[in-house]
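Please read through the structure below; I'll follow up with questions.
Order of writing sets the chain letters: A, B, C and D. Residues in each chain are counted from 1.
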């Protein structure tokens, strides 16, 4: 029989997060070819607090963001998190940015050989005792025979060593090509992508989702490596 | 110094999920006034598998869904999860539905006294050894003096006893009114909502997010109760 | 040399529209199989006014909408427009509804033979001296060999005689099949759809857009018949 | 009694458009402060054709776009349209771009005094015998007393003389402030915006929509000047 008193204790409020979300912001990110790429990001910034928070401090989040003039690279990412943690006297700080990243495309699409391809990218960083960063890219899948949009591969990774966004995207595209040779199923592409990322020493953790856009509903498969957090 | 061999082990592929997502589907849900409410849901169904999955079984997900003719209530939710787990020989089954729920509104808006208000609702159920269900509602916040859309309260709960969607929404609206009397800030509304849900014995766990739509970016606060999973 | 005085005249304010938009509303629409289908619509209602408008009358729009209990058929559509025109003493009344319509699917997708397909539908009616109604359906295109979502056909029509939504959708699917046999290009599908609709005596006017979802961008083609408005 | 033969004629296919749509593309636009602003645009390019179109030419659209390296200003806009018309041997060429434009904000929001505000901008150009360009900006409305997002003003204009995006936005903000002093209604703001734009000699045509985000539905009002097309 359930102990209500104990449940009451269970339901005590224990976690507080406050911050700003969906700030649209012009940013620059690292580009292997052009050194810097200009794009537009959506930014979320929030902190874990042990105690009630003074709303009057909300503006500090964006003051910190502006101080870095929208330049996002691994170093700035860490510095922003540190400043959030200090300035807001927080247990943990979180910074999430989401932006389209553009690359010259090799595939011959409607845009001929001169086109650019858009990749949705996300960087989710947090700083508590240690720093954690997850990078995510969404790579459209268009199979030679598919004459349309077959689907998407969404890959999230943690790094042991720095990887360019371009390197991560090209790893994903390799895995897709390899998987498609076996069979164009979410299972086969997902398994192959898992094997490809597993064999990449710079990557300490990954999660893969492959989605096939079909009539009325999408089918999907995911794999994830079982590593614990990797700090750097 | 890190043991690479060990990291290789860490990176072994350990989790597999497969399923269908974003199926748009006409459904009926329980309505305290009208017994049943017709609405349109977006449905995700997926399972955890210990082994490689035969893609040819994908159609089983929707066959199971169709068997229940889009009738969603707590009992059917559990039966669908059970059938998914069995038919697909899975470690765990997951069913997520997301639908707009309509209620007569009391507030005098542009729609006069006769209008209906739309509330985004989500039910996320999973069945492993035990059954777990999280219900979520999004309640728009319009303060008397705000002359516009002030923001949203997003409340997720686990139940100890059955609650109507109407009861959960009205609990949230009580908390908003109470919090707004103190001060119209995300912290004050969030804290008050937390206290309101904490005092509701039918609720074993909750998470609250209050968002204020402001210029250029939104501010938000969240609280969560610290209970462990409640099974029923 | 330009006559500024005359331009000033040109720039006099001459058109006023007021109304309510993006009302989410549970509705019923005609279904050939089930007589009625329950779905959720987004509704826009507005009127043209010769003079300044009293904002206090905004609630009348939704009062009129509620009076018809969300039952939408050709007759009610006309009655709602008439009541808007009278009650708001307007030169013209406009009613736009947009809803997903669900049909049993024949195609074997991930949902097997038992699935339902979702079609976006729009009805745009206006009443000035005469009544005008445009019906629009969006039909997903999935070619046998495409293994994904090839694209969409968006077809808008005016009627000379009543057509069920099911009949319009199946006309579009016929046109797609016929066009795909020639070549799977936006031009070939668009041309074939135009010929199919042109040969349908119940249709007095049509516009067709065929879109192919390709890498990075979509290609599209449109055709439109040159008829003037058809009143009924 | 209707003349069917004549209706058959009416339904002859008379208009053809082909092109590419929703190309996401990094662009630069003119910025009064910083000379150039980097942003990300969504681009549609299409042409009217008197005859059947060879799909193989689709890639030309993006080849033309790439030739201008995503630099958009009034002069390039016209040159791109000219090249589309020639290269594709078209009756008319159409270029639509839609991008977020960022400006330092003066209002003290959650982002303090250092924030940036995002404005949705659209430029729709077409070239037939003459050149036509419509510029559109969406300006968020946040009234001092509204403590949230009151709504939006969407203003489309044709120019007699060049106006910076900054100038157009500040004209709209003037009109909003002036209208809000009278009363915070869609009617009052819309009327005041109309008067403000009408008094601006650089503007030859305008359309204004003011939307108030209210519970469950939005109310809106529009005004439009009655000028005929202004070519430049």
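The definition used in the following text is that contacts are C-beta pairs under 8 Å (C-beta built on N, C-alpha and C of every residue); 3 or more make two chains touch, one makes a residue touch a chain.
Note that the structure is a prediction, hence the values are computed from the model and not measured.
Colleague: Report back the single chain whose CA centre is most distant from the CA centre of subunit A.
Modeller: Between subunit A and every other chain, the largest centroid distance is to C.
Colleague: Report which of A-D and C-D is connected by more C-beta pairs in contact.
Modeller: C-D
Colleague: So, what's the distance in Å between the C-alpha centres of subunit D and subunit C?
Modeller: Using C-alpha averages as centres, the distance is 23 Å.
Colleague: With chain centres taken as the means of their Cα atoms, state the distance from subunit A to subunit C in Å.
Modeller: Comparing mean C-alpha positions, subunit C is 38 Å from subunit A.
Colleague: Which integer distance in Å separates the CA centroid of subunit A from that of subunit D?
Modeller: 32
Colleague: Going through subunit B residue by residue, note those that touch at least 2 other chains and give them in order.
Modeller: 20, 23-24, 58, 62, 110-111, 115-116, 118, 216-219
Colleague: What residues of subunit C sit close enough to touch subunit A in their complex?
Modeller: Touch list, subunit C to subunit A: 105, 107, 109-111, 115-118, 140, 142-143, 145-151, 184, 212-219.
Colleague: Going by the contact rule set out above, which residues of subunit C touch subunit D in the complex?
Modeller: Touch list, subunit C to subunit D: 2, 4, 7-8, 10-24, 46, 52-53, 55, 58, 62, 160, 185-187, 191, 194-195, 197-198, 201, 203-206, 211, 216-228.
Colleague: Can you list the subunit B residues touching subunit C in their complex?
Modeller: Answer in residue numbers: 20, 23-26, 37-40, 58-63, 66, 100, 102, 108, 110-112, 114-116, 118.
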